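So the structure is just underneath, and the comments pick up after that.
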Amino acid sequence: MFASSAGMLNRHQKQVHALDGIDLDIYEQETLGIVGESGCGKTTLGRTIIGLIAPTSGQILFDGQDLVNASKDAKKSFNREIQMVFQNPYTSFDPRFTIIKCVSEPLKIHTNLRGAALTKRARELLEQVGMPGEILHRYAHEFSGGQLQRIAIARALALNPKIIVLDEPTSALDVSVQAQIINLLQDLQRQFKLTYLFISHDLSVVQHISNRVTVMYLGKIVEQNTSEAIFEGQAHHPYTQALLSAMPSVVKELRRKQIILEGSVPDAANPPKGCNFHPRCPVAMPICSIAEPVLDNSGAGHPVACFVVNPIEKSTDEMIQ
Amino acid sequence: MQRLDYILKRMVMAIFVLISVSILTFFIARVVPSNPAAAWVGPHPTKEQIEKATLELGLDKPLYVQYQRYMQDLLSGDLGTSVRTHQPILSDIKTFLPATLELVFVGMLIAVLIGIPLGVLSGAFKGSWLDHFTRLISIAGVSMPVFLLGLLLQLLFFRQLGLLPLGARVSTEVALFHPVTPITRMYLIDSAVTGNWTAFKDASIHLILPALALATYPIALAIRMTRSTMIEVLNEKYIMAARISGIRERSVLFILALKNAIVPTLNALGLAFVYSLTGAILIEIIFSWPGLGTYVTNAVLGVDFPVIVSVTLIMTVFYIAINLILDILQAFIDPRVIIG
Amino acid sequence: MNAPLLAIEDLHVHFNTYAGTVRAVNGVSFEIRSGEMFGLVGESGCGKTVTGLAIMRAIPSPGRIMKGRIFFQGEDLITKSESEMRDIRGGRIAMIFQDPTASLNPVFTAGYQISLQITQHRHVSKKEAKQLAFDMFSEVGLPHAKSIYNTYPHELSGGMQQRVMIAMALASGAELLIADEPTTALDVTIQAQILALLSQLRESEGLTILLITHDLGVVAETCDRVAVTYDGHIVESGTVDDVLYQTKHPYTQGLLAALPDTVRHKQSLEVIKGSVPDGLHSVSGCSFHPRCPKVMDICLDQPPSLIIVGEKEHSASCYLYMEETA
Amino acid sequence: MTTVAPDLEIPIEDIKAGKRVTEYHLMWWAFRRDPLAVLSLVILLGFILGAIFAPNLTPYPEQGRGDPNLLEKFSPPNQGHLLGTDYLGRDVLTRILYGGRSSLAIGFLVVIVAVLIGVPLGAISGYYGGWIDNLVMRITDIFLAFPPLLLAIALASALGASFTNTMIAISFTWWPWYTRLVRAQTLSLRERYFIEAARSIGVPSWKIITSHVLPNVMTPVMVQATMDLGGAILVGAAVSFIGLGVQPPLADWGQMVSIGRIYFIERPWYAGSAGLAIFLVTLAFNLLGDAVRDAADPHTRRVVDVGR
């Protein structure tokens, strides 16, 4: 049968702007939280930074060097500096590999450690994340989600990286296990002077662990501020406000008046004109459906991309064009 | 609109496959044999024959010119001349193809009518005696060499019971005294159309054993595929959701589950069809059935290379057409096929 | 106080696997009153989903209801015949699930599925069923009911799919809706929409809802009363205010303390040591004792029973409160 | 709603005791408990050993190689000839043992060649995607558009009737199925994070394919290969039956049925025993494949992850 899914006639697919003009700085030893709903591009962002996806255009600078157009050797050394922990611990490990094989995979690629020295290092890594060294010869299916996520963190630490991209590392875990993992991440950050890029849809977790928070919507950054500010009443973008209000919490003081947004996130292949958020925005103005707002400090003192927050005075005509 | 797009896409694909298939058969005909010209003229060729064939086929020219000529011949219906019958192959095929198609269609009909319902029931009542029995039949069916089955059927129904004829399309008396007027050359249709019921009955009786033998593998295949898709579908969450919302088990099985299971089953039918086509080659030998299978087997024995290549091409075209029809059918059953 | 709409007494559900008997539900009792939103909360593997399925008498294959009674409007569901249950399922009690995409049949339109549901439980003509479906669609906030009717599930967003599921659940007039993690697969803003819809249906239709969830925040914002499950039984139950803000059981306390929003930024979270038991190897005494920070000698051998520890039937199963009440 | 399957026992104590239990241990454990699987294994071993040690097992090795024995033409089964003799008076059982050599060899060789071509192509196609995938898939489309037996017949007659050419011709039609299978498996593997994890560390693609992808697709390939051993034998027999393939005086099951069918109604033992041999071997491979699949499927094996 010649019925295959993606035929060669399917090629004329529309280009999807998963990420659209993202500007982001991450500082040493900070935790930058990326928050947004599905389809906002947060996972694509993480995968682009780690080098799994090549950006169509733009630069990723690490210590001032461009990662995207770097030479093969340079890329290999960047691989050591940036590591990633994935969302689902159950599929993060090859079911046919023992734990030692999993944890030492990066070491085999990037270092000359072999034999006993390799085993010693793997054991050491596991102990750093609170797992006993005896588990080296077991298989992933013998462990719980929380234990696997610890092992995944051990693997990420193997090469002494500077940055770890954490893509929803606790979303598959129970609350009590999530707390263990968050505490572990915070301890390790202090101990190894790590920089985290923490991607999550869960605002309470992001607020707890991050220094700064970036809110994304449909491939774009809509607001960026310190964690405290965003969660203590300094959220200016209507989307950030709606997200915060929708977050259920047991803490009575945190319960805000609910802003219920209409509809759902539009298809990234077919984004709305003007501001991506305007079809769902409770305070949308006529201009929002025509022009695209940019990140601007002027209205709120921190970057917000919204015409309501940053009223346009100067070049309205220019923008409308 | 999307559906039309999908259907057009499938048609373009089918044409692409057709062209590629013609290239491949061209290679088999003109490049693979150590001496294509000799292969083309048959066993024990004379020097002059080879030289003549070389010129005719343009074997001294570059490959693309040869292919061009090959395609021109094909499109004008010139499949070459049979080494054995000395007839144009196309007219031979016209004579033999209806007999094969009649056999294959009846076999397929039996396979669909028996195989798919059995597969559904077997999957729905997994672990029941019916399921075990059906699985036994299906695994024996895919393991049974079709020629052995044909011989065993003859032994039982002709030799032991004396109920059914040994072979051929009609008995000698009918051929002599109630001959079927050739219209489509499918005897069941022709005799029915002309009201020749003696011949119709005789042809039907002659069809029973070969069609049954031919249907065995497709039945087994249909059971296996339908059963496994049915089991898969019945494990889906939406089936549990339907059961939990109190939908009658009958509706769950024969409406909600079956429509999901039918799409992969259509694929099974495509496969069943191709096995029927090739099975027919073997069955025709056993039952002295004057169809394409007998034609191609005699060609193999008589080293009639042009015939072998042409029959391969014709049957492949049939297979591609059937697959195209099944693909289009799918689009009308499962909306996800179109966007997938 | 209303009479209970649903009362579960000492429910036990076991799964016989090769590895031994998994006690998924091990003595669960609670009551749901008519018109309330009742939260059943717990971590994965605590038996909350199995409890929901048990009410429907739809425990999957190796599982069996070993013991217990389930009273719905005073009738014991355990003693019902399969055909009586079929009328109750979907007709009087409906259930929706976590993943609406998987719960909707992909090859039938939303309209066909809801109509099948309606004609199954009500004696109405096809035309009436269609009109009813339109009404249900607009009731659950689906705009353009007519076009939704002819839409295949894959053409709808997750939030809309869940609305269709809710419409189907309510189409035949169910009084009790069991919502098993109805918003877990959805985005935060969509979760808010669905929760608001459930609250609204409760007001307008007098619907009683059993909300099964792992999210204490959701419970705090939507439910009236709540039961916290651990290892197949209930450790604490009562009004939401009592259970979440006058918390008695150490497990509930631990769960609350582990929430990132209850603790100041960047500080360590409270952690319950160890992990949830697997239901396969039974723990002697109170099954929480190996993880309990306040464990006492008595906790090791006798399982505690659920006792009243406060006002409005606030109860907990913990020896810390046994003396006080005794 | 569904019936409760009987509980199997699994080496739970071994797991608890910390013994290394791999996927293959569990498969073998489940496999051993399946009587049909063991029976088919015994049948197959019988045929394979019979083929290998044919000269030592039969009193008529020269007849196995083709020497006629015209004095005993068509004797029905008797003490000296358990399955009777053929049209040249040769012992049918001996011919069957010898004929097993070519039939079994065709089965194994075809499947090995198909796996060797199809599996890497499928893994590469699924792993890289893009134009490579498109190209490979279109090529498989073309091969799968032919009725396999016919393509094999056309190729074998172009190459000339012989054992080797039959083998080449059948392999030619077989590999695309493995490409399809492995590609689909690879695509679903790519959804799992451990492949991404390896990529993000900088593990080279070839190494990801050899160390992560291929080992993880081996189980379905094994199941398919086991069943295909039977299928390939069936097609090989069909090609021989038509007259291509192994030529007399060498023995071959398909060829034996082909010659014996003329005498079948009066003397069924000759073609019948050869046909039965094909049937038994194919059946055994199919049962074995079923058993391997069941053993590999955690649902039928009913393994619960104990750690969770």
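A, B, C and D are the chain letters, set down in written order, and residue numbers restart from 1 in every chain.
Please note the rule applied: contacts are C-beta pairs under 8 Å (C-beta built on N, C-alpha and C of every residue); 3 or more make two chains touch, one makes a residue touch a chain.
Because the structure is a prediction, the values reported are computed rather than measured.
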Discussion item. With centres defined by CA atoms only, which chain is the most remote from chain A?
Written reply: B
Worksheet item: Is the C-beta contact count larger for B-C or for A-C?
Response: A-C
Fill in: Gap in Å, rounded to a whole number, between the CA centres of chain B and chain A
54
Worksheet entry | Centre-to-centre distance between chain C and chain A (centres being mean Cα positions), rounded to whole Å | 32
Fill in: Inter-chain centre distance, chain B versus chain D - centres from mean C-alpha coordinates, in Å
24
Discussion item. Quick check on chain C: which residues sit in contact with 2+ other chains?
Written reply: 58, 60
Worksheet entry | Where chain D touches two or more other chains at once, by residue number | 1, 3, 5, 138, 141, 145, 306, 308
Practice prompt. Send over the residues of chain A in touch with two or more other chains.
Written response: 1-2, 7, 144
Discussion item. Help me check something: in the complex, which residues belonging to chain C touch chain A?
Written reply: 43-44, 157-160, 187-193, 195-196, 214-222, 244-245, 254-256, 258-263, 265-266, 268-272, 275-276
Fill in: Touch list for chain B against partner chain D, complex
13, 16-17, 20-21, 24-25, 28-29, 32-34, 39, 127, 139-140, 142-148, 151-152, 154-155, 158-159, 166, 243, 274, 277-278, 281-282, 285-286, 296-297, 300-301, 303, 305, 308-309, 311-312, 315-316, 319-320, 323
Practice prompt. Provide the residue numbers of chain D that touch chain B in the complex, in ascending order.
Written response: 1, 3, 5, 138, 141-142, 145-151, 153-155, 157-160, 230-231, 234, 237-238, 241-244, 254, 257-258, 261, 264-265, 268, 271-272, 275-276, 278-279, 282-283, 285-287, 290
Practice prompt. Going by the contact rule at the top, pick out the chain D residues touching chain A in the complex.
Written response: 15, 18, 20, 22-23, 133-134, 137-138, 141, 144-145, 191-194, 196-203, 211-212, 215-216, 305-308
Worksheet, complete the sentence: chain B contacts chain C in the complex at 236-248, 251, 255-256, 259-260, 333-336, 339
